[in-house]
Amino acid sequence: MNFLNDPINFISGWMRDLLTGWGLSNGLTTAIIYFIGITVLIIFAMTLDIILVWVERKVVARFQDRLGPNRIGPFGLIQPFADIIKLVIKEDITPAGADKLLYNLGPVLAIASVIILWAILPLSSKIFGVDLNVAVLYLVAAGALGTLSIIMGGWASNNKYALLGAFRMVANMISYEIPMVVVLLIPTILANSMSVQDITQAQSGMWFAILSPLALIIFLISAIAELGRSPFDLNEAESEIVAGFHIEYSGMKFGLFYAGELLHAFTFGGFIAVLFFGGYGGFFGLEKVGLFSWLNNPFVQAVVFLAKAMFGYWVIMWIKYSMPRIRIDHMLAFNWKFLTPLALVVLVNTAILSKVLAGLPNWGYALGMFFSNIVIGLITIEILRAYGRKQRKAEGNLTLQSAHNQEQAV
Amino acid sequence: MSIPLSWYLILAAALFSIGLFGVLSRKNAIAILLGVELMLNAVNINLVAFWRYTDPAKMTGQVFAIIVFAVAAAEVAVGLALIISVYRRRNTVIADEIDLMKW
Amino acid sequence: MEKFIIWLLPLPPLLAFFGIILFTNKRKALSHKIAVGAAGLSWLGSMIIFIRAVGVKEFGKHIFGSSINWLPTGTSWLRIGVQIDPLSAAVIFFVAWTVLAIFIYSIGYHNFGQPEGDHDIAGLPPHGAMVTDRHGHKHIVPSIEPMYSRFFAFISLFAFGMYTLVVSDNLLTLFVGWEIMGLCSYLLIGFWFGKPSARNAAVKAFMTTRIGDVFMLLGIAFVYSFTGSLSFKDIFKPEMLQALAATPAFFGLSAAGIIGLLLFIGTVGKSAQWPLHVWLPDAMEGPTPVSAMIHAATMVSAGVYMVIRMFPLISAGWTEGMPLNTTMSVIAFIGAFTALFAATIAVAQNDIKRVLAYSTISQLGFMIAALGIGAYVAAAFHLVTHAFFKALLFLGSGSVIHGMEHGVLHTGGHSVDPQDMFNMGGLRKKMPITFWTFLIGGFALSGFPIITAGFWSKDEIFAEAFGNGHLLVFIVLAAAAFLTAFYSMRQITLTFFGEPRTKEAAHAQENQWTMTVPLIILSVFAVGYGWVGIPEQFPGLGGLIHNWFHEFVGGTLTKFPQPVAFSWVPLVTSLCVALGGLGLGWLVYRKVQSPKQDFMQITVLKNKWYFDEIYNFLFIKPASWIAEKFTSQYMDQTVIDGLLHSVARFSLFLGSFFRNKIDKPIINELIGDGTGKVVKVSGSGLRKIQAGRIQYYMVVSIAALVIFALLYYFMIGGM
Amino acid sequence: MTADQIIFLLCAMLILGSALMVVITRKLIHAALWLVATLFGVAILYAILQAGFLAVVQVVVYIGAIAVLFIFAVMLTRREMLDKGVQTRSTWWLPAILGVLILTGLVFIIIGQPAFGRSAGEIPASVDTLRNLGAALVSPDAYVLPFEVASILLLAALVGAVYVASGNKK
């Protein structure tokens, strides 16, 4: 087990020998090693975050048909640092009557809830925080922390708009958690385990996205809602409640929120990759082939994973900057009346088929699952169109009616 | 695992009595529910501790804990709904003021 | 056959009474026809019975009689029945005749056929009616009695009473008849209840007779308790009489003596003997036929009849010639004394009817005295003869008064009293029939020798008294006889002889036939009946007519009473006494015109020896004192009312005590409000527990839990 | 004192301390947030007890849902004077005494029982608690019935809460 194929264990083993050598008790050494590991992971995440700031601004510009930051440093690479310095320099104002403790705790929790996620993010088969057997649930749990941070932020800033924004954001996140959890069950069923590593291994044959594309779509939508971005980013809706819950925050606290949000987006991109696009593996059996055995190298797997994650992140940004904002009651209605039932149907369908089609060879199994999803999709579209037609007819004769009335009135 | 079972039980007992104190001494109805939550968690600790220290193979303790989760969630949901509807009608959540069946 | 008729004898008058009262009291003619008819029927029945009885030989032995069970008294029955023996036959004879005569007489007396009175009101004697005759003259005519039929109803009831008394075979129905007659005397004396004097007289009569009746009832009760039966057959059994005479009772008298005395007191009351005589003179307030029938013929004689009937009981243990036993001596004394006493008062009376009343009392005294000395037959004989001539005298005085009223109406002088003899005088020319019948009656009363019946019966009594050696009684009776003769002659001369002293007397007229015919009938008997009882040894007439009466009536006794030996002394005394009295009376009163000239008006006698005042003083005043002062004032108001008031006050006090001391403070405050307060306090206290504070409940329950745990731990032993 | 004992004690202090703060702090929001801290402590405890699934479920269910509900409830029933006055009832000392008594009683009992003294046995590697738990929850002979009943209970609570809280103004 050398550095290349199992870096973490290698390093931890080395460190353990070092510390025990220094006469520390066994428990203490493991504690220190764990500590060091965690700090390294966090530092990696934060640096990634800075890069993301730049990526975000560049990609958004490209979407909006503009260049994006290119003044500071080549291609504006230094722009993030400039932003950070700007935020740091800004005066840190705490509103009067604000709940000091909560006000400061808000942004910290925001970042914390994201970094916690990185514990289970499988960079590669060897490089990962911890292989929890309940990783999928852990993902949802982390979401809960996010909610708390938003509530604290909204509440503590003693500002009606902040509170309202927080309320809406929380309502939104909680309601979209339901379809997300249901949909998360599908990879669990397919991989027969909630551990992220198992799921990735399971996808080496066939990506889950192919087995249940609908699950992917629903997960994507609920993830975006969870992040509070683009179609669902009502908290920053300038037109409605100025800047949402972090209205009173300025300076580095706002920076933390902003960074937290970006990292959160990227992390969800990563999870989409892990759950549906095979994560660091998923080469359709390619890595077993001798030629491509280097694909099993942890670092290569890490690069593959990060690429997929970036692709996921890109998709999220793509949706963010191209979709108009949805009204809060439409959003909630969409979730409860459309998304949750659809998710349940897909779950049931996957559960049943996974047992029924178990006997088939791999491609037959995949084909059956794929087609079932297509069928469900078509049916839902049909229902939607019927519903829409009825709605339009009702509005239609309404308008006819009103016109008619006006004639008579005249 | 050199932590004796009694530690967990004592911890649970302490948490339980704190919860009890909370329930009995707080004026606000929601604070009472907080207290109840604490007591339920104390019970859960006991359950899991017993599961862990007696026979990890048999999942009785954990299943019971999950059931307690469900019940606690239901209880809080309904409790808070009631409190909110009382508040909406009586503009108060002080437990002592909600002492009449009809208003 | 006779038994059947005897039962029916009393019935007609009773039916007449009910008929008049219930149906015909509106129609006067019909009611008097019914009454007279009923009296006639009873008269016919009694005549049949009398003839039958006389026809029977030795009638004393087998008398007509029948009795029935009436009241169940435990094992045996009280038997009542009817019986006619020689005594009752003789009595029924004169009763029938007098009742019929008086019924007919009262038709005329009450002016039947006269017009209604102008302003007559029921309850007062009629005042006459204004009539205009053919020639247009207006003059007042006597008016008919407003309560005409009521009068006939009462006298029919009286007749029923008399018949039941005479006919009954036991003391009970005798007493029933006795009481009915008492009632009728009250009703008839108080007939004109409008007059206060009539009302008082009625009450007085009723009260005094009632006193006598009470003692009589005691006697009857004594007899019943002793013998167990009331019928005469049982009482007069020889062995029963011996037992009665033998057993000693109170006051040293034998049972028979006591019973005799008690029954005799009844007679004293009824026949107005000395102590209880006061009611008879006042009874004159009633109409004259009433006085005649009740206070002369029947009722008063009923008393004597009862004593004669009870003679065997009274003389139980006495045989002829023996000295009188105490009862008989008492009777004799009272009889003789009453005779003399009443005679003295009669002499001083001015009212024609009062004179006759006192003469009745004295003649009854004669009979009682005769019985007292054992002259059983003489008493019965005098009873019968006296009934006839006294009825005659009363009816005569009635027609005289009626005539005088006629005169008063005629002259209009209402102040003149038609009954006062000194307003009369010289009526012999105006009323010849009345004069002659009244003359016969008067001579019979005073015992005018040979002709009148009165002489024979009185002579019998003198003979018996002298013969049996009761000289004191003989002398007293002789004096009474002399006075009787004197006042009867006074009466006759004042009313009929001389000249009319007032205008009213001048206008007096003879009455119609309904009043004069009865007078004539009775005068015939007043004379004729005497000859039936002439003693055998009487010089001259002795043997002519067999002494039927003695032989017939004597039969009622078990031992036939021997007639006393004849002696001259009683005969001579009765002759000179009668003639002396009459002559003196005529001589004295020929000239007398006004009461002042009448020297006999001795105040003592006039005021009836002040007996009324004495009784008033002795009995009435104390009685009223007792009534007003003692009972009403003292007993009633102070004691009883006081008691009641104190009870009332006490109860008031009690009530207020309970209210203020017990009810309000204790029950209301302590218990009522107290419990209320306790409940309120405890309630408010306890309410806190249930005040809806959830945490309070939880604390309490957990505290209990902890305590029990501790208890369990410490008490029952540690874990 | 081994490492895990230290961790346990730290975790116990975290739990008890935040529990006390939940009960004592005046502002209700702080109480709710302290509750979150307690729940987080309990989650860690479950982790120590190697009940990973329960720990995460604790976080998801309790912190994610129930704590948020609490905070929502607190905000919905906001009224100015609410946090001003003394938050505890006037007779708070009675429950305190009761609590202490119960605590001492329980502790006394726990210490008294020798059986509670033993330390935990190692979980054999073969035993996969999560799988066993899953199986136990749905296998008919184990706890499928309570599981279903719990689901019905949750449904009923859901409907009930919505109905009551919506304050339908009919």
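Note that the chains take the letters A, B, C and D in the order they are written out, and that residue 1 is the start of every chain.
Assume a contact is a pair of C-beta atoms (placed from the backbone, for glycine too) under 8 Å apart; a residue touches a chain by one contact, two chains touch by 3 or more.
Model, not experiment: these values are computed from the prediction.
Participant: State which chain is most central when centres are taken as means of Cα atoms.
Facilitator: Per-chain C-alpha centroids compared to the overall one single out B.
Participant: Sort the other chains by how far their Cα centres are from that of subunit C and give me the top one.
Facilitator: Relative to subunit C, the chain whose C-alpha centre sits farthest away is A.
Participant: Taking each chain's centre as the mean position of its Cα atoms, how many Å separate subunit A from subunit D?
Facilitator: About 28 Å separates the centre of subunit A from that of subunit D.
Participant: Mind checking the centre-to-centre distance between subunit C and subunit D? Centres are C-alpha means, answer in whole Å.
Facilitator: Chain centres of subunit C and subunit D, defined by C-alpha means, are spaced 127 Å apart.
Participant: Please work out the Cα centroid separation of subunit B and subunit C, and write it as a whole number of Å.
Facilitator: From the centre of subunit B to the centre of subunit C is 121 Å.
Participant: Round to the nearest whole Å and give the separation of the Cα centres of subunit A and subunit B.
Facilitator: 33
Participant: Specify, in ascending order, the residues of subunit C that touch 2 or more different other chains.
Facilitator: Only 695, 699, 702 qualify.
Participant: Can you list the subunit D residues in contact with two or more other chains?
Facilitator: Residues 2, 4, 53, 57, 65, 72, 89, 94-95, 98, 102, 113 of subunit D touch two or more partner chains.
Participant: When you check subunit A against every other chain, which residues touch at least two of them?
Facilitator: There are none in subunit A.
Participant: Can you identify all of the chain pairs that touch?
Facilitator: Result of the pairwise touch check is A-D, B-C, B-D, C-D.
Participant: Give every residue of subunit C touching subunit D within the complex, in rising order.
Facilitator: 695, 699, 702-703, 706, 709-710, 713, 718-719
Participant: Any idea which subunit D residues touch subunit B in the complex?
Facilitator: Answer in residue numbers: 2, 4-5, 8, 12, 15-16, 19-20, 22-23, 28, 31-32, 35, 38-39, 42, 45-46, 48-51, 53-54, 57-58, 61-62, 65-66, 69-70, 72-74, 76-77, 79, 82, 85-89, 92, 94-96, 98-100, 102-103, 106-107, 110-111, 113, 116-123, 127, 129, 132-133, 135-137, 142-143, 146-147, 150-151, 153-154, 156-158, 160-162, 164-165, 167.
Participant: Note which residues of subunit C are touching subunit B in the complex, please.
Facilitator: Answer in residue numbers: 691-695, 698-699, 702.
Participant: Please give the residue numbers of subunit D that touch subunit C in the complex, ascending.
Facilitator: Counting only subunit D, the residues touching subunit C are 89, 91, 94-95, 98, 101-102, 105, 109, 112-113.
Participant: For the complex, give me every residue of subunit D touching subunit A.
Facilitator: Its residues touching subunit A are 2-4, 6, 27, 29-30, 33, 36, 52-53, 56-57, 59-60, 63-65, 67-68, 71-72, 75, 128, 130.
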